[in-house]
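Following this line, the structures themselves.
The same chain A turns up in both complexes below, where it pairs with chain B and then with chain C.
What follows is the complex of A and B.
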């Protein structure tokens, strides 16, 4: 069949003058001609049009809100907290006692809480210095830390030391090196390695300070001014700011589900719990940090600052697109409901989490299930409505 | 039948085939350089620990990093050979084998336009595309011909007709035509475009583009066949494919390949003029007497059977989905190799659970431990890949000493923005399910 059509065409094209065209084809070709003219008209004449339509959504406004009211203020607070931590460490190491240890712990707690609000932004400046992995890779490697201390010489930037630095390593050093406060303090006074240990403490804090301040300075106007690029890159392709934000928001939320709750619960070990794998194992307030982390991502999704000022965020983008959940309610509402469910489910886990995973596993398991539901919404529904590609590499599609 | 045979054997100018050869070699060269420059050889063929092979082609395995780069090097050399018509038959054969080899390695990377390149290069192996304007003909003037049987260009045209027509047929579905999906989801993402951007949020634009692209695909090959409509049709080809590139930037090289390919529809004398002009530019215009190419009877007979079989398959593959129950877009049984291009927005999340039946203990799999993010994304929405991955997990846990590990999935997929819903029956032990072309009854109905 097709061959005969084909060969007729040869007859026409190669030798004979064009025969009379069938009516439908003429009609279709006219349609294309008109369509082409229309499309050119749209694309060439209306450039003065401004975005006034009700369902139009300006992504650069949203990105500006993220940069100015969320990302930069969160980094600024973190940066200050890290400064205080450094001071507390200097104060402690100059003449260790239990009061200064307590002050140091408070400074550490402050950094750890603030970190939950910055963990998501692992792109641009943060990814340049591997901030997320450097700040919070847990469980920390106690043997590696003690080896480093006894050797007295180490390079904290190597991959081998990634689980011997950051908040979890500090957690061990200020909460886990002794049974009680006196014995912890004594490790910094009457121990053959107390000088090395003090130095290690100071080096960890200094490394953290250099990374956090580098990232903060890269974002601000009088520094690297990454915010300008972040706001300007308002497309939806790979590497665009919305794409980066949604990808990292996803990745970060999966950290809560897997690393913070799932793995300690035995998610990867055929149900045998791994209590030592919780975040802040020695400090024992793992649940607090997990809840703060969910709240932080909730804020980010809604474009809400930590002061509670709600401005343009991903939720508004979804609403502008009239995105619906499979139940029929707006997708943004479904995601917010699920944030609430996650928070209350995780909050109901009694701290320390390391004990709850063994004695109270049904409660932890229930929290894990709520987190899983949110992973689905954030990883499937959100990007597929926004048309963001959930992938970390460029690729063709068709 | 006799008349058909006569039409196929009729001698026509070789020029369109030559243009096609040069442009195909050129665009493949550009594509390969772009592919390598983007670091995709490493990302797609060196970095992954596991490859999603095609059923029946599990023996196609990747080489090491050096080996993969050698394959790409060979392909680049081959594209230059094709372009110049130098050792053409070897070049096109090497290109076909290498390209198809690479595509068979991992179905995560399946793209309709890669499939198109594979089959076009297969067709070209059998065509006398080196008998004019080529290094081969320069070296050995006795092979030079100005005329070839019509089927030589006709086979490529037929393949293009099949591509467009089936792409158009696939668009005749209620989501595409009645709901303007998935364009309604994709277009607002381009609202930052300088000029057309503000219109991309408008529903009527999505409808206009959905309907016109359907009509375009169905009619364009025929409009290209008729002399009177051809110039408009070619203009439409350019506009359409440029627009797809603008609105759907992830579409890659496909638009360029299609624009260049459709030049084969222009008649021989048009193409011939181009070559005459080029030769004039080089100041070596020699009047070549018309010489015809006639295939030997046995050669012709075997080619007729080969092409007959080949095109029969081309017509059957896109409709094989009719053999499966359920919604094609949801189950994707019979979806690939059918010219379903940019037809749906699909995303998914899958949690894999492996269970030791002797202790009833269960573990959740971290997909990133085994797959690249890209593979994970592709796997999450395609049932055959979910099964393959389940088997990988089964085998890994067997190695860890667990007898008969059971693998179950909790899998959510959102199709065309309708929201995520359960995709695979989460009670089924996928470790015990077999791969194959049979209907997968563990895929839930849409």
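What follows is the complex of A and C.
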């Protein structure tokens, strides 16, 4: 039973035609509306049992698939990529040149792409070390970074440094400190702060390594074995694993909609674009990362590993409950169709996104619209079907 | 009631309740809620629920209006002595809940985190803080007479205005600027936006009856927009001498009309009728009144800008103090137009920037009468005034 769909269909039936149709037609439309609502009410009473007694669908099987085939392998890959990044940074700082700079960039890119596949899992071990905020808070704060470098003394764990660390800070340091490769390299050789800058680069990578390896080790059986608890917590309450996963999947998807696309487009500034707010502003391949991120969440929804092996996931849970979209097709199919639409809409944005939000805003806006549609499905239809509560709040004030 | 209180945090459950409530009410008395003819629109901005509990609340807005009033008092002191920019910044950010001792009252609310761009783009907040630095720096010259290139006091009769070396009265840029970037922006572009007042916002369950919050989220958002308008509940029978209520009445007296009403009534009637529409689930009337408020408010700011440009022009060459003062006012009311919602705005940001930067520029002593005419003509053309 999909309650949100019910309320949406009510609104449309009641308010749109009802307001326009005169006399008899309006009465008839109201009659059908009443009938529909009453039918829904009755079915909702009947459906209660199937909904609560989801014995036929084994959530622990699904959770085991998430832990063993998606979350742990994704962290393992990320962990390796961060290792390589550290090596590339050591290699670069020991004797900087443009070839090593390019190798360092490739290592950074590899971490950034792998990060898209881990960003969703901000619960348990990751949330203990604030992994998401530490890895990818953007836009990065160039003034803060440069202050830290010139002081040569800093605590990278403070709240005040959260926008001076992680991938965005590294992006600035390897892509944004000079006009071209030679001038960037010279900032690590012939500059009065070269040593401090090299140290900062190394400290950022070391911090990343310590956090990622801690999270990875917390998940695996010969470490913290968080997976055991994750798989066992197969209920539906707020702290259950499905609850955590659905909440964070939504939170993460909204990062794409808001931080990656909406805010640069001017969503929060009455349409005035904020080009510097894109992900990977200096690297300039923001669209690639956004597409990879959507694909990652698409995989997660479908219980599909990065190698493409499709096993039990949230989509199967929806299908087991026979969840339907208001259009009549299965809800899981509607969500998958919308993932496809999101991917193709975002893919059609030309990089750099920072220029597209100003010169090609129609295309960016179209992508934003597709992402918004998916938020409705993921944040309303999906959780209500699974009896999961979205517990994070949009920032509000009064 | 405890269950209700807890449930309101959780969307799926709320939706369930909502759906059932709708289903039940639909079966019983489907007509009563949606027919605009069956609910009463009160004469004043007073609303209560079926049990007679007051549902109107906007203390946060009252606090912010009072904060800006007290900032004004401090800025006035800059005409007779030096002031510290940090005091203004502490008030702007409401440091320590009492503006670091500068406010006469405590509140958890602040102006800074409600300024356009807050949390996303700090450039507008920085603009105001730079204005505060400029005002404080100018206050060092409180004992000098202003002239081109010399900061100091420009006097006209009993009026004393502290202006910069470039003739800019920063007090006006700050006060009227924040009226735009906080009050106007928050009301028309935030609280009356789809995200805060549209279909996805809860309009069924009272927020927290145990704590005296008998309003729904949607009702509250509407009230908060009204709170930023800042007028008495029986406006215009009772007037106000500050902020948007003052300038709305000023334009009303000058004969400004919107939607076939004088602007006092256009604004107040729309706020009251729209709130009644929200409480009675009359979406069409709600949306119509949102449009009236947004378009009328933008028109008021545009007309007020024109009025000040015209005032500056009338004093051009004869009363420099008033010329600079009115030009500073005009600058801020023009700048306010930038914070208009995309759906209804008449003027582009490019046009506003063009008027402020190209036509007027950053040295008010160098503005010519022709520049003022150009600014007036450009705004009049956009608004059909």
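Just so we're on the same page, the second predicted complex is superposed on the first by the 336 of 398 C-alpha atoms of A that agree within 3 Å, B and C clash if a C-alpha of one lies under 4 Å from a C-alpha of the other, contacts with A are read in each partner's own complex, and residues count from 1 in each chain.
Throughout what follows, a contact is a pair of C-beta atoms (placed from the backbone, for glycine too) under 8 Å apart; a residue touches a chain by one contact, two chains touch by 3 or more.
Source: prediction; values computed, not measured.
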Contacts of A:180 with chain B and chain C, given as first, second, both or neither: neither
Which superposed partner A:277 touches (first chain B, second chain C, both, neither): second
Partner chain in contact with A:143 - chain B first, chain C second, else both or neither: neither
Partner chain in contact with A:269 - chain B first, chain C second, else both or neither: both
Partner chain(s) touched by A:222 [first = chain B, second = chain C, both, neither]: neither
Which of chain B and chain C A:375 touches, first, second, both or neither: first
Which superposed partner A:387 touches (first chain B, second chain C, both, neither): both
Larger contact residue set on chain A - chain B or chain C: B
Chain B and chain C contact sites that coincide on chain A, given as residue numbers: 3-4, 6-7, 10-11, 14, 18, 33, 38, 44, 268-272, 380, 383-384, 387-391, 393, 395, 397-398
Chain A to chain B touching residues, read off their complex: 2-14, 17-18, 21, 25-26, 28-29, 31-33, 35-36, 38-39, 42-44, 46-47, 49-51, 53, 55-57, 59-60, 234-238, 258, 262, 266-272, 321, 323-327, 331, 372, 375-377, 379-381, 383-398
Residue ranges of chain B in contact with chain A within the complex: 3-4, 7-8, 10, 12-13, 38, 40, 43-44, 109, 111-113, 150, 154, 157-158, 161-162, 185-186, 188-192, 194-196, 198-199, 201-202, 208, 212, 215-216, 219, 222-223, 225-229, 232-233, 235-236, 239, 243, 248-254, 266-269, 311, 341-342, 345-349, 351, 354, 356, 359, 361-366, 372-374, 377, 380, 410, 412-414, 417-421
Complex contacts: residues of chain C adjacent to chain A: 9-13, 15-16, 18-20, 22-24, 26-27, 30-31, 34, 60, 113-114, 116-117, 119-121, 189, 199, 220, 224, 283-284, 338-342, 345, 349
Residues of chain A that touch chain C when the two form their complex: 3-4, 6-7, 10-11, 14-15, 18-19, 30, 33-34, 37-38, 40-41, 44, 263, 268-272, 274, 277, 380, 383-384, 387-391, 393, 395, 397-398
